[in-house]
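The first chain written gets the first letter, and so on, giving A, B, C and D; residue counts start at 1 in each chain.
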Amino acid sequence: MTLASPVLLIEGLTRYFGALSALNGVSLMIAPRERRAIIGPNGAGKTTLFNLITGHLAPSTGRIRFDGAPITGLPPHAVARRGISRSFQRTNLFPKLSMLENLRLAAAADGRGSYDLFGSIERYRAPLDRARAVAESVGLLGRLEEVAGRLSYGEQRQLEVGVALATSPKLLLLDEPTAGMSPEETQRMTRMLEGLPREVTLLIIEHDMDVVSSLADRVTVLHYGEVLAEGTFDEVKADPRVYEVYLGGAG
Amino acid sequence: MSFVPDFFGQALNGLSYGVLLFLLSVGLTLIFGMLDVVNLAHGSFYMLGAYAGLATIAVTGNYWLAMLVAPVAVGGIGALLERACLRPLYRRSPLDQVLLTFGFIYLFEDLVKWIWGGRIRSIPPPEAFSGSVQFFGATVPSYRLFVIVFGLVMAVALWLLIERTRLGAIIRAGVFDAEMTAGVGVNIDLVFTGVFAFGAALGGLSGVIAGPIQSASPPMGAGILIPALIVVVVGGLGSLKGSLVGSLIIGQAETFGKAWLPGASMVIIYVVMALVVLLRPQGLFGRALK
Amino acid sequence: MIVRLLGVGALVAAAAVFPAVAGAYPVKLLQEILVWGVFAMSLDLLLGYAGMVSFGHSAFFGIGGYVAALALKQSPHALSALVLPALVAALAALVIGFFSIRVSGVYFIMLTLAFSQMFYAYAFQVAWLGAEDGIIGVPRPRLLGLDLANRTVFHLYLVVLVALAALVLWRVVRSPFGHVLRGIQENEGRMEAVGYAVQRYKLLAFVIAGTVAGVAGSLYTQFVGSITPDAFFWTTSGEALLMVIIGGTGTLWGAVLGAAAFILLQSLVSSYTERWMLILGLTFILFVLFAPGGIVGALRGRVGRRA
Amino acid sequence: MDQLTRRRFLQTASVAAAGAAVGPWVLRAQAQSSPVKIGVVLPYTGVYAVLGESITQAMELVFARENWTVAGRKIEMIKEDDEMKPPVGIRKTEKLIDSDKVDILTGPVHSGILMGMRDKVHNSKTILIVSNAGADAISRERCSKWIFRTSFSNWQPCQPMGGWVAKNVSKEVFQIAPNYQAGKDMMAAFRETFLPAGGKLVAEDYPKLGETDYAPYITKIKQSGAKAVFAFFSGTDAVNFVKQFDQFGLKQTVKLTGAGFLTEPDVLPAQGKSALGIITGHFYTPVLDNPVNKQFVKDFKARYNNKTPDGFAVQGYDTAEVILRALKAVNGNTQDKDKLVDAIAKVEFDSPRGRFRFDPKTHNVIQPFIYVREVREVPEFGLTNVPIDKVADVRDPGTGCTLPA
């Protein structure tokens, strides 16, 4: 694992909400092809970290570099266009559009053709092909014409990841992709994520430790907005402070 | 002919106009904050209040009684409207609410015209406040002073009601998250009806209060809708404090605009609103959108 | 598809030959419906596809109308009748849109309202626009050697232009751009998150809608022969809004049906009874309660049940 | 025939027939030729509905007197609500001309609608008798052979007031009117005689149409030191302005004068005692002491639930009289429009306002008198405008009008 040219480099990222700091001096380095899990108790600042990376929130201080270029303060669409895509903790789809259209819109977000006022979407093959390919890889190929809002919860979560994936990102941020899923659905999701091409660097917020252990190369533990520990799953698991945070919090 | 009493006189004019705008708009902002409904028929409640007041005065000759009867009557109409027509629409597109409340503007205007005729009417001020008083060199109708005091007392009373009582706590919780409030065992349906009726009653009350200053006619409701919406937007949707401050700002801006910028009287209110919305998109005291 | 095209073609043909079978007043009503139909369709592009509720669409209708009036008085040609009004309306939409799309929801509604009211105040007060009387005695243009002062020619001109406007908007809502708009209406945040510069699309939609509204305003001036500041007034936006909602948002032909329903209700009912406001109000209320989705929704519901 | 007019027709026809004990159906069958169609474009909704109502009521009073018949033809009124909106008014005008094919058109109240109708009327050679809208232009550069006006031009009630106010009230005047053309025209007409009489315009102000709070303007009037105000407002504006002017206690120190519409009976009851003492110029007041007016007031009150007629009613009355007399003169022949126009131009009769005749140069009415009136409380009429002076034969200058065109 080379640390020479990280795909994502975060330095001293801090975000205040009023007087409260949700994130406090977080630094992270994600290598290309790495699969990194972010864990931590509720309110540790995990989603805030995602929001800062994707430009949904502006950092109070700190810097973010992606692929060697600064992205701090860019609006979400610009961040996405550079190759960072994300899924959301709460399912965030286009509920009245078909599943295919959900994926196609994401796949067409590179902007080519989307200012075409008079053409038809069939003219642009690439996004359609990409949408079908993603539908296949997230296991939803059979239901292309179904309206997203009518899919089952598990299918909607799969589509949620699919939409993020359809933009062909270099870095994929997944915010609790298995939240609220049944064990079988979680298993299917995990297999699907394992099957993703290695070129896609993965940053995943996850509570399910089975998912984390089977998926992540490395794990970062956030606690009260700060990095508490970082290492392989086993290293982190063995860290007494992490044990304290989880068990102490639970107990 | 000195600057100070001139200025003071206009400031008092602005204050009385602003307080009137507050009374007009506070019901609208409450309904918006709680129910997320832009009630275009709010102006109709104002108009219905004026006519309910006129009817009461015609029978009893008592202005103060009109101030009691009108809000109760209009509140009742509001409750009916909410139960019968608005309730099924909460989960639908806001455009359906627009169409519905727009329909009621037409309906109420024509019904009032049917019952009372289209003739312009007016409510005389109560005997005790029919004169004018001198105030540091400025003349003010005593009824306007009454409106100022009454409006400010209402503002404090509403603030106490919302911030300091259990009912207020429920309303505030409802504004914040209706589903959650329902989850903790509050009969949210009843609260919704209550808030809508209360907002309607406030609209009705403002019709009686404005009566002695302005005239009453069936189209009056449609006429005040836009100013009331503007006050609500400037102050911040759903904010009581915003509604008061927004009213006072618009009141002063309009008054001094009319006094000093004669050509601009038609646009002042819109310019103020556009500036506020562009500089502070959530209004002065609204919650930030994201 | 073919059936639909034939249907539309039949409708256009029926509108075109309508004067041959109907009296002067029904023809006028049809023309008014067509003009308002274009205006309502342009608003529907914002309302029904991009999810932007504009309460200031009258600004562009009025600008189109006034520019056409001023230009036609100078020189009654196609440039004055169509090109200039569309261009100026587009420019105005660009400026107003630039500011307005920064906010959304009720704030967007009120900001667009504010801009249109400023235009109203200006047109109402300045002498060069004829103040509150507006601009009257506007001649109809000459086009390709055709004199539009002739009733039949003007009717055909109107039908053709309205059909063209409908065709353009129909293509736009079905284009990749139109799909982006629908995505924005459905979930603006997610569109942003997958990489769409949402503001730019919204601005473009606003400009297209404004341009078409400008053409509608110009047609209106040509139709009536005059334009008054009321064209800018918020009630003009309000009525268009009602037309779109009554017809059914997100379907262009719904906007035209809504315009037809609104104008027919208003003109015919008010000729029969002074209580027309009551009837109109009740119609709106009953519509909301019992025919959600507007006329198109109701029609579709019926068709669906039968099938 | 549409429902409303049919119903009205049947009602009035049955009233007329009741004495003769024949049913309306029989009566209808007896009509020898097609009815004379009179199209009416007036506001029947909104604040100005009361104006439309007054005008219509007086017209119906006159036609009913004639049993809805003239020169052997039935009279049919087709009424359309213009909602005070120019586009609607124009649409309704076109309906009446193109679809109903009316013989004579009357209305509107709104000057903007009149200006919008003007070309349609002129080009289609439809006879229009204006029964309210006062736009000066219709008697001047936009005059038409086909357009007559029984009401007034905005200039008429204001121009004589300038000299009168300068002579009898004060030479220091503050002018105030809504910020639209009619308001500005009226203020200018006032100045035409006010300034030459030595008057000094202290200041002027033009609030927006539909203003609800005049406090800033009233404070300015007070601060200006003017001894009198010359104002034009109508509808709710008139009520709001007069009430608020009084509430600020200005009436004691500053004399309020204005164009007659400021205190016409459509607004006077709502103004109440606040209007006492206001001096206005107008061509009519119901207390005028002439036999035609006395009969008119009596008939009008009897027919309409004791309602006192106002200037608008007189406009309706005169419009109907003009139509009747002209149709009689041409023997009911509405085909020859040129002849009918000539007949209308020559009509002359005693109206409640005095001797009625058109100015051949403009087709605008020559006001027999502009009365200077003061609002007082009188026994029989209650609050009303009492004439205290008058100026005779007020005719619009008609600048730029070159009839017959």
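Rule of thumb we're sticking to: a residue touches a chain if its C-beta (ideal position, glycine included) is under 8 Å from a C-beta of that chain, and two chains touch if they have at least 3 such contacts.
Every value quoted in this text rests on a predicted model; they were computed, and no experiment measured them.
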item	value
Contact distance in steps, from subunit A to subunit D	2
Chain hops separating subunit B from subunit A, counting only touching neighbours	2
Per Cα centroids, the chain farthest from subunit D	A
Centre-to-centre distance between subunit C and subunit A (centres being mean Cα positions), rounded to whole Å	43
Rounded Å distance, subunit C centre to subunit D centre (Cα mean)	36
Centre distance in Å when subunit B and subunit C are each reduced to the mean of their C-alpha atoms	32
Where subunit C touches two or more other chains, by residue	124-125, 277
Touching two or more other chains - residue numbers and ranges from subunit B	110, 113, 266
Arrangement of touching chains [line / ring / star / complete / other]	other
Pairwise chain contacts under the document criterion	A-C, B-C, B-D, C-D
Subunit D contact footprint on subunit C (complex, rising order)	23-26, 28, 32, 124-125, 131-134, 136-137, 224-226, 228, 230-231, 266-267, 270-274, 276-277
In the complex, subunit A residues that touch subunit C	54, 56, 75-78, 80-81, 85-86, 88, 92-97, 101, 104-106, 108-111, 113-121, 123-124, 163-164, 166-167
Of all residues in subunit B, those that touch subunit C in their complex	32, 38, 85, 88-89, 92-96, 98-100, 102-111, 113-114, 226, 229-230, 233, 237, 263, 266-267, 270-271, 273-274, 277-278, 281-283, 289
Residues of subunit B that touch subunit D when the two form their complex	1, 6, 9-10, 13-14, 16-17, 20, 110, 113, 118-122, 124-125, 130-132, 138-141, 143-144, 212-220, 223-224, 254-256, 258-259, 262, 265-266
Subunit D residues touching subunit C - in the complex, by the definition given at the top	2-4, 44-45, 80-81, 83, 85-88, 90-92, 94-95, 98-100, 111-112, 115-116, 118-120, 135, 179-181, 209
